[in-house]
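All chains are identified by letter, namely A, B and C, in their written order; residue positions are counted from 1 within each chain.
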Amino acid sequence: MINVATKNRIKDKLFEYWGVISTLIGVVLLVVFMTDIFMEGISRIDATFFTNSPSGLKPETSGIFPALLGTLWILILTASISIPLGVGAGIYLEEYSEKNWVSSLLEINISNLAGVPSIIYGLLGLEVFVRIMGLGKSVVAGALTLSLLVLPIVIVATREAIKSVPNSIKQAAYGLGATKWQTIWTQVLPSSIGGILTGVILALSRAIGETAPLIVVGAAAYIYDAPDGLLSEYTVIPMQIYTWMPDAREAMKVNAAAGIIVLLMITLVMNGFAVYLRNRWQKKVKW
Amino acid sequence: MSEKKIMLEARNVDVFYGEFQAIKNIDMKINEKSVTAFIGPSGCGKSTFLRVLNRMNDYVEGFALRGEIEIDGEKIYRKSVKVEELRKKVGMVFQKPNPFPKSIYENVAFGLKIQGITDKAFIEERVINSLKQVALWDEVKDQLKKSALALSGGQQQRLCIARTLAVEPSVILMDEPTSALDPISTSKIEELLQDLKKKYTIVIVTHNMQQAARVSDDTAFFYMGELIEFDKTDKIFTNPSMEKTESYITGRFG
Amino acid sequence: MIIEKLLFLCASISILITLGIILVLLLDTFEFFQEVSFIDFITDKKWTPMFKDKHFGIGSLLAGTFLTTVIAVGVAIPIGLSIAIYLNEFAPKVFRKRIKPALELLAAVPTIVYGFFALTVVTPFLKQFIDIDSFNALSAGLVMGIMIIPYISSISEDALYAVPKSLREAAYGMGTTRLQTAFKVTVPAASSGIIVSIILAISRAIGETMIVAIAAGQKPTLTLDPTETIATITSFIVQVTTGDVEHGSIEYKSLFAAGITLFLFTFILNNISYFIKKKYQEKYD
């Protein structure tokens, strides 16, 4: 007869093992998946993969050049739109707004926007940017749509970074006769720029991996040139992968896998850079 | 002996934070080019009253002031008064040294640059001058580009004083400037005050009575938001008129 | 001050966006219901806007969304909670520090990559054991579950962490095991945070597009059988917009009818969790 105390200890130990397993299960599966993809796609990775256009006729020479440049365009445009707006909103909410119903509304609102499924932003972009504003299935419409998605993230990152600047620094600046904006511009922003940049890069790296909203606003499934203007058609890397995937030919599957490798590399580099920035910034500004 | 003019005057001043009254009916006159100490137990309102003098309380939610504060003949709680201008005349040094995370030079130059001054020679002259006044020049003259955060606590505080001096104020407010420092740095700064008072009007809040006795010409004793007694330092510490003052001085409470 | 006004403008764009979403969805849905009766929308068993014989019963899409979400959450809750409890109560601090970023990684992988796994790795694997369609809800649901593990584990762990040490020590002082303390003391005390994490995970699963679009199929089916090919609200939207859809057509409007249904669900869930968080945040201050 095992007594209760022993039973409890056994249960305790069992859970400990289960805990380790469950913690590692996701990570292990991810590694398994990654290895699988890597092995499937690595054969296609050479210089031509990056410089060729996709080809339905000759899958072995299909490349992601238009998608690569499309992603670049989208990245730069989205950054140009969302950074000023997001950082500006973050500064306002953190430094200027008073505790009243307007600011509470803004806060709830941003919290809501962060939880909206990305495809809904696609629908919004479809109606407003593609149709009403007449931008069509253009790269600028795609960038505007992604900016909507990324905006709440940038705002939150900005606010967190600004919050971490000690009040004593602001008091010192005010005490010397600086205006609110002077204090923000000369002290608060320079000190929080690291945190803001980190948040921005993470947001953009997420935007790069987004497929659904861009499908909805018309990223092209079959395109062979890089974008040549704000209004030109375009594709992005995840979109190109999505186009290659349903194709039953083995070579196309390899291309899709190779495309994924490229996408993951880019995401990894961006995330890594953001983490590096965060560490450097935290070391530099030791209060 | 020449009559010193009145630099700061408070008349019937009440301060409220929302419903709570932090300062009750204070009248006070402070002479120019002197050191006045504000003493009193925790929560007595001495810091609040100090911050009233450069309108730093404006940022506190629910803050309201009744009565009149005049600095160098000008009423400072008027809508027409630009707070930024006021703070060029009335500088502040805080309890915990708070240099900007920039170079030593940039710290001292900050107050001038935000005024729009771009003349490099002018700025440099002021910076050197200020650092000399706080006896920091010899220690840092070869490392002006170094980060201010690399200095010791005492040096940082002297830097903060230099930063305030660079804009050439008339009044310097100090909120427990040495409470976070070691005894040697403390005495260096107390020495400094004796020099500075020849040019500036200084008001210093301190919870250290011995310090008040050492450095000030006049002392104001605050208790529960009221000004209990305000007189020459010698008198306050040897023969106070009010019983409460005496109790505080002799350590019966506080 | 001009600068303040400019910055306020930036902040208020966020309100504009929300209004835009609501307006756009509402207006097109309103037009949709000019042509399709609400009763049909609710009760029709088929959803076939793209076929000649058009049916507009949202039920099939809801079934697909529901099915994949339940599977995903069914995977993520036990694993996510176990991770949270293990890291909080059992694991050495160093392990916790090292493993947390790895877990966050799960949520950072682009969903198209997960979709690819589900389609090319998970489905063939499952096919060896059960009779399952090439596109099915199970693979998609399982992979989605993996993706949302960090949503539950991270937030729950923070909630557990916030429980005051004194409560735990009271339990240990009475001779309880770590497991008992976790389940009888810490978890109940952190219940509001854990519930918030679950709601957020559900909301995320409902709104997921690429994994289901790639691996679950694009054939609206009113079923609860995870081995069948289905469609979700999100995969339907992708399917239609991948082709050319004419503005103003009923197919176009059906996008928004589906969209507003999705939006309603996630909006309600997100706000419930927001208010739970706000209400119980002061508990331990």
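Just so it is clear, contacts are C-beta pairs under 8 Å (C-beta built on N, C-alpha and C of every residue); 3 or more make two chains touch, one makes a residue touch a chain.
Bear in mind the structure is a predicted one, so any value in this text is a computation, not a measurement.
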Joint neighbours of chain C and chain A, given as chain labels: none
Chain centroid nearest the full-protein CA centroid: A
Most distant chain from chain C by Cα centroid: B
For chain A paired with chain C, centre-to-centre distance based on mean C-alpha positions, whole Å: 18
Chain centre separation in whole Å, for chain B relative to chain A (CA means): 49
Between chain B and chain C, centroid-to-centroid distance (C-alpha), Å: 57
Chain A partner contacts - residues on chain B that touch it in the complex: 54, 56, 59, 61, 84-88, 91-92, 94, 96, 98-101, 110-111, 113-115, 149, 160, 163-164, 167
Complex contact set, residues of chain C against chain A: 1, 3-4, 6-15, 17-18, 20-21, 24-25, 28, 78-79, 82-83, 85-87, 90-91, 99, 102-103, 105-106, 108-113, 115-117, 119-121, 146, 149-150, 177-180, 200, 203, 206-210, 213-214, 234, 237-238, 241-242, 247, 255-256, 259, 262-263, 266-267, 270-271, 274
Residues of chain A that touch chain B when the two form their complex: 99, 166, 168-169, 171-179, 182, 186-187, 191, 285-287
Residues of chain A that touch chain C when the two form their complex: 8-9, 11-12, 15-16, 18-20, 22-23, 25-27, 29-30, 33, 36-37, 40, 84-86, 88-89, 91-93, 96-97, 105-106, 108-113, 115-124, 126-128, 131, 148, 151-152, 155, 180-181, 205-206, 208-212, 215-216, 218, 221, 238, 241-242, 245, 253, 256-257, 260, 263-264, 267, 271
